[in-house]
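Next come two complexes built around chain A: one with chain B, the other with chain C.
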Partner chain A sequence: MLVTAPLAEFCTLMVDEIYGELPSRIYASLLMRGRSTIQQLAGDTGMNPRQLRHGLALLLQHNLLYYHLDTSSPQYFYEANVENAYNLTRTGKILEMVEESYGAAAKDIMQTIILTGQTRVGDLVDAYQKRIDRVNRVKEALMTEDPFGNGTDSHELNSDISPETKPEPTSPSKKPDLLISSTAQLKSIICRLVDAELLNAVHKTTYESPEDLLATVESDITRTYPGGEVKGNKAKAEYKDKVAEALRNHRNESKSLKRKLEQNGLSAKRRKLYDGAASANGTPDGEMDLGIDLNQVICLNYEKCLVELRNRRLMQFSADVFGTTTSWVYGSLLKLLSKEISRCRDDPIIDHYEKDEERPAPAVVTTAQILDALRTSLDLSSGLGKVDAGQISAAAAEKITEQAPRKKFFIDAQAEVDGDASSDEDDDEEDVKPVVDLNYRPTAINGVNGVNGTHVTNGVNGKVKIEGGERRVDRRTQLRQHLLLLSESTQGFLRHCGVDEWTVDFEPLMGALRQVELDSAIENTAGREGIRLVRMLRAKGKLDEKAIMSVALMRKADMSKKLAEMHKSGFVQTQEVPREAKADVKKSFFLWYFDPDMTLERVLDVAYKTMIHSLQVLDMLREKDHLILSLVKRTDVKGQEDDKLRKTYMEKLSRFLKLERTLLAQIQRVDDLVAVLRDY
Partner chain B sequence: MVAPKSEAELTKLGILKDELYETIKEHGSESRTFSQADLKGLGVIPNNDTMMLLNIIQALTNEKLLVGVQLPGGEIGWRWRSREDAKKYTSLPDEATMLVYSEIDQAGQDGVWIRHIKLRTNIQDATLKACIKFLESKGFISSMTNVEMPNRKMYIRADLKPSERATGGPWFTDGELDEAFIKAIESIIFEYIKTHSAYMSRGTSLPQRQPKKGVVTGETRGVKRVATDISNDDATAMPPTAKGVPPPKKKETYLPMPAGYKKYPTVNEITEFIHMQKVSSAMLGVADIQALVDVLVFDGLIEPIKVNNRKGYRVVRPTKQDTMSYAKRQQEREAHPELGETVLGPTSVSSAVTEAPCGRCPVFELCQEGGPVAPSTCVYFQEWLGLTEKPIVANGTAPP
Partner chain C sequence: MFRGGRGGRGRGRGGPMMNNRREINQASVPWATDPKDPILLDGKPSDTYPAWDVPKPPTLIKKEEKQLDYFLIFREQAHDSPLYTEPPPRTEGSRRRAYGQDQINSRYADESKATIDPFTAVETYSKRFERKKRTLPDFSNLPFAKEFFPPELHLTLDGLDEPGADRKRRRTGPKTLALSNITTYGAEDLEEDGGQVNGQPDFNKALELFDNVEKLDGEDAFLSGEEDDWGNEDEDNEDAADAEAADQYDDESEDDYNAEQYFDNDEDDYGDDGGEDGGDGTF
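And now, the complex of A and B:
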């Protein structure tokens, strides 16, 4: 990740916001000066060694630092881990995601791990045991008064419904602590999270920065060559492969815990879970303990969290393009697919394979798997238009694309369609055999026509048809309809890569999504005419004003104004081409063009700065209301603000909290954009 | 030049002249150039007498019925001119006016720039102006504008229409881009594509059941599971507050067509539709409509989609489209002119950076903590957070 000044500033502010000033000052110094020893830090920050040690320990605890011990020097070098610092912004989103996919109990554990940083499993178990004991004692005391508080079972079921909609607990004994009712349950949830790769084992290279690791590995491998030098093309290729493999091994070390659990019979556990009920009521279950090592230190794996967050974003994207029903199908598919995906983007060095055959094949899911994973409450008959079977080309719909698309495939939808015309040989109807008969609504042939009719006839027909044999359609066929729609899309949501096999080419798809995000940023700044010009330049390359005018059908004055405006905001660029050797400005051509990379950098920059400014405004608001805020912090007021505070103060407090929520939510929104542009 | 000798010969010449002229007319349009050999080949002149041919040509040229043109090889060729046009020439008072008129005549539909006339004819400014004025008053020529060079003063024969290149095609009216016309046709095309590439659902189907959050039972979440693990009992899954609230509301919405749909409208179909509707007196060709469709694509309202080598267009984000019919919307607009112009398609996806004040800030580059403009004192942020009104109201209504 390229660390720009605004990004560095934002990370510092974020550390300050969450962990306070001491670590943030150390962090700022590390970002500004690069890697430093503790002495250098002392000189730069003017702190005494004790303060520094505290600060560094905290930063290390939360995985915000790298350190490196050079063999030639006795000193440890510390370096800022910008990625993790930035990921602090996403804490809320990650917790929400965990809750949605793994339940409230898992979220509770995740939250604890995020709050404490890296944690020994044993410590976690102890902490939860204490909590459980305390609550149990309280509950026993209250048992006689509370007819509903019959143990953990009922609560366990309740807690699985998302807490926003959960009815207010009627008795004081039902505290959220009860999400985890036993250490066995705790351990089994940890196992599950490890299995999902959301939790990682901390190992000896966790704290090595990628550059250091690369340097170490490279020097190790170079040493095996004669004379310590890599000579010749073949040897160089081999060397590259070796480095990549060594780095992959290091990376896989964080999965050691998962592998160990698998050996201990994680799959057996999975099997057992098929009869759900036994584990659902949270009875202490000795067998669930897969012998997770209590001394193992675990931490959050942001890479995998990002994959899951990306799935959510893609689901939103598909909902925007095709509607909710299709997006739920897509969501289930992505969830299945991402089990095999550990990170959003491949590293150019680590994931380098000299031969294409060695590259791991992209993950594939089958229709049957998706059908199994789909929620039964999802009505697949909705969300798609209904037309005669005769109006559907089964061959076109069922076309199987075995190869991943070429790069730059999605730069421009029009170019793509045009390009297809030349390269397609397999469009003949006979060539592709439809696997499933697309005549999925046999009763509708008698003139139900959602296309040729006007609105009125359209509607009337629709009514008749819906009362007809709609339900007869097999669910699997309906599912396939949605999948085929997704794979037909110009954005490339899905690829039909084999008979009933589906895969997603994330790179071009994310390119399409990035384009959508950039376009919306441009459209909201420069209006629809602005985005028209940008899309045009993207499709056609460099154009001079006259050409632009004729294609865009805009008045010259309007167009020049719009282009100048966008040039100022950095969305379009110009190039001067002299007509003759003696470059005369008056006679030169001025070509306009759109540079997606430059625009992306520009929008990212604005995004970082927006987040910085939001935090600064928040600081200002805190400063303004510091009297009330300090009041609220008092231990005798905390938790009982309603009773203890005067009405005017209460109003001010709630207003401040509302503003704080607004600003933090805005930062989250901007982060969504940053994630799409930079991380996914 | 040999003068005709006798009365009889003159009459003969007259007859031959007329005959040659008529024959030439039969052999080609006004733009065809006849060389001397071509004229001989017509077989009008007895014995193919070159002398006589030249005499006749001379006579025709004098009457302005033939125009001499230089052929590429240095030879001279001729084109014929209709009698009415020739009459115009002969009615002109002097040589200069005739020269000017011939320049304008030759330029045809493209028209000619006044400076070019001057350059070619070598006539003085004052004379040229007088000539132009005279021709204009006679109704022989008229001024025109060229969209490519709108500042040039151009003239064209009054009975000709400026060419497409000069007018810029059907999208220009009087040399100006006719934006209202473009918008109108655009919205018709968009409406056509929208209604023909997406399925209009009346929402009368079974009440749509939305998937709910967190219905999976207990421990099975997050691992591979069979479908039976999911409770599909809506009653227990839905929170009591939300349950029963949505009565199956008839909400109209557009839905995407299934994959492989063969009837997405193509440009040819759209053009045909526009012709059938008779929306415009101007002839809109396929290329013109294609230009408008391209603009709609660039606007991000529609996308090209290819099914079996048939390139059609479909609307993007169908479920977000406005379902009100075109006619109804037009009526509404007429009833409420204050609503302003209709914007085609759904509102754009909002972008996180432009929601916050920073994305739209005019002094964004200057803004820095400690600078002249700083986030902590930012008025735009205050406004955005809804903080500005309060102080103003407080100041304004503060009791003394």
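And now, the complex of A and C:
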């Protein structure tokens, strides 16, 4: 991630907002000066070493720092981890996502883990055990005191607890009042989160910054070459591969916990679990205790969280394009697919493979898997239009594209040939398919022309005469129609990569989504005329003003005004091309063009500044109402603001809270945009 | 705000006035102008308070509300943790634009006895309800995976990184990770969903209230007033609390008539003990 000044400032403010002033001062200095030792920090910030040690320890505990011990000097160098600091903004989203896909108990644990930063599993178990004991004790005390909840001295308490305890006064411990009712449940949820890669094991290179790690690995590998030098093209390519592999090994170490759990039989249990309950929503009753090592230190894996958040964004995108039913199908497909995706974007160094064959194949999902994962309550027949069978080209709809779309290169004859060959293969395969999939033959046919409704389906299946089976086949057909619809889209939601096999090429798809987001950003600032001009420039490349005029059919005055306005906000750029050897401003051409990368940078910059501004305004508001806010924090007022505060204060407080929500919501919204443009 | 039209600059060179708007002169601009379709400039002075169309964001959908709630509660829990360091109140100086690191540093250094607000600094009864401000994170009660920290920070994580560490009592009991019981944020939440969070009865809130009640109940509340929700889950730790109370009384008996210490909150490491600390570092 490129750390620009606004991004650095925003991260500092975010650290300040959540962890307080001391760490944020240190963090700001680290961002501004780069890696520093404690002495250097002391010189920069004017804090004493004791404060610095406390602040650094705090930052490190929350995974906001890297540190490195140089072999040549005895000093530890600290460096800011900007990704994690930025990701603090997304805490709310991550928690909501975890709650939706893994249940409220998982969210509770996740929140604790984010709150503590890195933590030992054993400590977590102890803490929860203590809470459970405590609740039991409280409950017992209440039980013995007065089962009907109108006790004398703990009046307030009873009014709050009684809703839970009253209905079942006889079985105090059976009904889980707490989200986590036993440590076995806690462990099993941790296992599930580890299995989903949302939690990572902390290992010895976790706190090495990527640059340091790269340098270490590179120097180690260079030493193995004769003379400590890499010579020749072949050796260089080999060297690159070796570096990438070593880095991958380091990265995979954080998955060690998952591997260990898998050895202990996690996958078998998981299969059982999925078979039993199709959705992963229910809380398993503590049967998945796989002997997780209590000494293991775990922390949140933001990369995987981003993958899951991206899935949700893509689902929303598909809902915008096709409608909700199709988006549900797409959502469950992505969920299945992302089990094997660890991060949104590949690292150019780490995920470098010299030969394409070595590159791991993209994850693939089959139709049957999706059908199993789909909720049975989802009505697949809705959300699809009906077209006459004759209007659909079966071959085009069912076309299988094995190769991922390539980036355009200048000379790519080889790829051309490959592409041809593969399309031939596709044809062959299509011929073969009915033979291979004998069972599914009717379905495949229906998948093609079944868009015209259930009449044909029934006609074909009528011969089969399986009452129970018909519905299922029908559902499968409908599912296939949704999938085909997705794969036909120009945005490239889905690729039909084999017989009943589907995959997603995230790179072009995210490019499409990014373009949509940029377009809407431009439209919001420059209006419809602006976006029209941008689209023209995108399609045509660089254009002179006269040429734009003839294409855009706009008055010159309007157009120049609009272009100048957009140039000011960085959406279009100009290039001056002199007519003669001697450049003269009045005689040269001015070509307008649209550069998506520059626009993206500009939009990101504005986004960071908006977020900074929101936090600054929030700070200002806090200062304005600081007397009330400090009053609310008092222990005798907290929780009973209604009774203890005067009406005018109450009004002021609620106004402040409303404004605070507005500002933070603004940040969350802008972060959605940043995520699409930068991270997904 | 700049108001005042174009000054003398464009006046002589501009074209004829049309409806209070002036055509721009070809000679004054670098690009070619079309005589049939002139660019007109507005000669009017701008309004003092022009109408400003403030874009309003669409209202939050339910999912976003939830995300925001979770973020706020997370923040509240983080602020409640013993590691949170509350910023000192802002002053005029802290708002001013700073040039250079020295000025930035000087923003923070101004909490000392000289800058105390005389209207609020006097000890009153209600002070005991106030949350004690922390200027340094308190690591002493929490467990850490020390193997992942550089050795120079280990002492800090043990809570022993203090000038008088040897003199102070050392915690001997096992350290436990404490869970925060805060589940609400803001007064509005209380009104809205009563005892229910996300549609299910929430025991945590009861716990939170219980904590408050416990704190206010009896003598204990006074002594453990400075403990917060975090460390307090542990009831077996009463010896520690006693020791602390004893400490408190000791301090009081020693400095009963020390006027200097009267305003002192026991913990002002922030501003002015840089001097005594400087030589004390372990590196």
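Note that the second predicted complex is superposed on the first by the 561 of 680 C-alpha atoms of A that agree within 3 Å, B and C clash if a C-alpha of one lies under 4 Å from a C-alpha of the other, contacts with A are read in each partner's own complex, and residues count from 1 in each chain.
The rule we apply is simple: a contact is a pair of C-beta atoms (placed from the backbone, for glycine too) under 8 Å apart; a residue touches a chain by one contact, two chains touch by 3 or more.
Values in this document were obtained by computation on a predicted structure and should not be read as measured data.
In the superposition on chain A, A:D372 makes contact with chain B only, not with chain C. Of the two partner chains placed around the shared chain by superposition, chain B and chain C are both touched by A:Q666. After overlaying the two complexes on the shared chain, residue contacts for A:A396 are found with chain B alone; chain C is out of touch. Of the two partner chains, chain B is the only one that A:F322 touches; chain C does not reach it. In the superposition on chain A, contact is made by A:A521 with chain B only, not with chain C. In the superposition on chain A, A:L69 makes contact with chain C only, not with chain B.
By the touch criterion defined above, A:R555 lies against chain B and chain C together after alignment on the C-alpha atoms of chain A. Across the two superposed structures, the residue set of chain A contacted by chain B and also by chain C is 99, 156-157, 160-161, 524, 555, 619, 662, 666, 669. The residues of chain A lying in touch with chain B in their complex are 99-103, 106, 156-157, 160-162, 165-167, 188, 192, 195-196, 270, 273-274, 276-277, 279-282, 320-324, 326, 328, 371-379, 381-387, 391-398, 413-414, 417, 420-421, 424, 427, 429, 438, 450-452, 454-455, 458-459, 462-463, 466, 470, 481, 484-485, 487-488, 490, 516-517, 519-521, 523-525, 528, 531-533, 535-536, 539, 546, 551-555, 603, 606-607, 609-610, 612-614, 616-617, 619-620, 659, 662-663, 666, 669-670, 672-673. Contact residues on chain A toward chain C in their complex (touch as defined above): 16-23, 25, 38-39, 44-51, 53-58, 60-61, 67, 69, 76, 91-93, 95-96, 99, 104, 107, 111-112, 114-116, 118-120, 123-124, 126-128, 130-131, 134-135, 138, 154, 156-157, 160-161, 163-164, 177-179, 202, 204, 206-207, 297, 524, 555-557, 560, 585-586, 590, 619, 623, 626, 630, 632-639, 641-642, 645, 650, 653-654, 657-658, 661-662, 664-666, 668-669. Against chain A, the residues of chain C that register as touching in their complex are 30-32, 34, 37-39, 55, 57, 60, 63-64, 66-75, 77-79, 81, 83-90, 101-102, 105, 108-109, 126, 129-131, 135-137, 139, 142-145, 148-150, 152-153, 155-157, 161-163, 176-180, 184, 186-188, 190-191, 195, 198, 200-201, 203-210, 212-213, 215-216, 225, 233-235, 269-270, 273-274, 277-278, 280-283.
Put simply, chain B touches chain A in their complex at residues 148, 171, 176-177, 179, 182, 195-196, 198-202, 204-206, 208-227, 229-230, 232, 234, 237, 239-242, 253, 255-263, 291-292, 294-295, 297-300, 303-309, 311, 316-320, 325, 343, 348-356, 358-360, 364, 367, 369, 374-378, 381, 385, 387.
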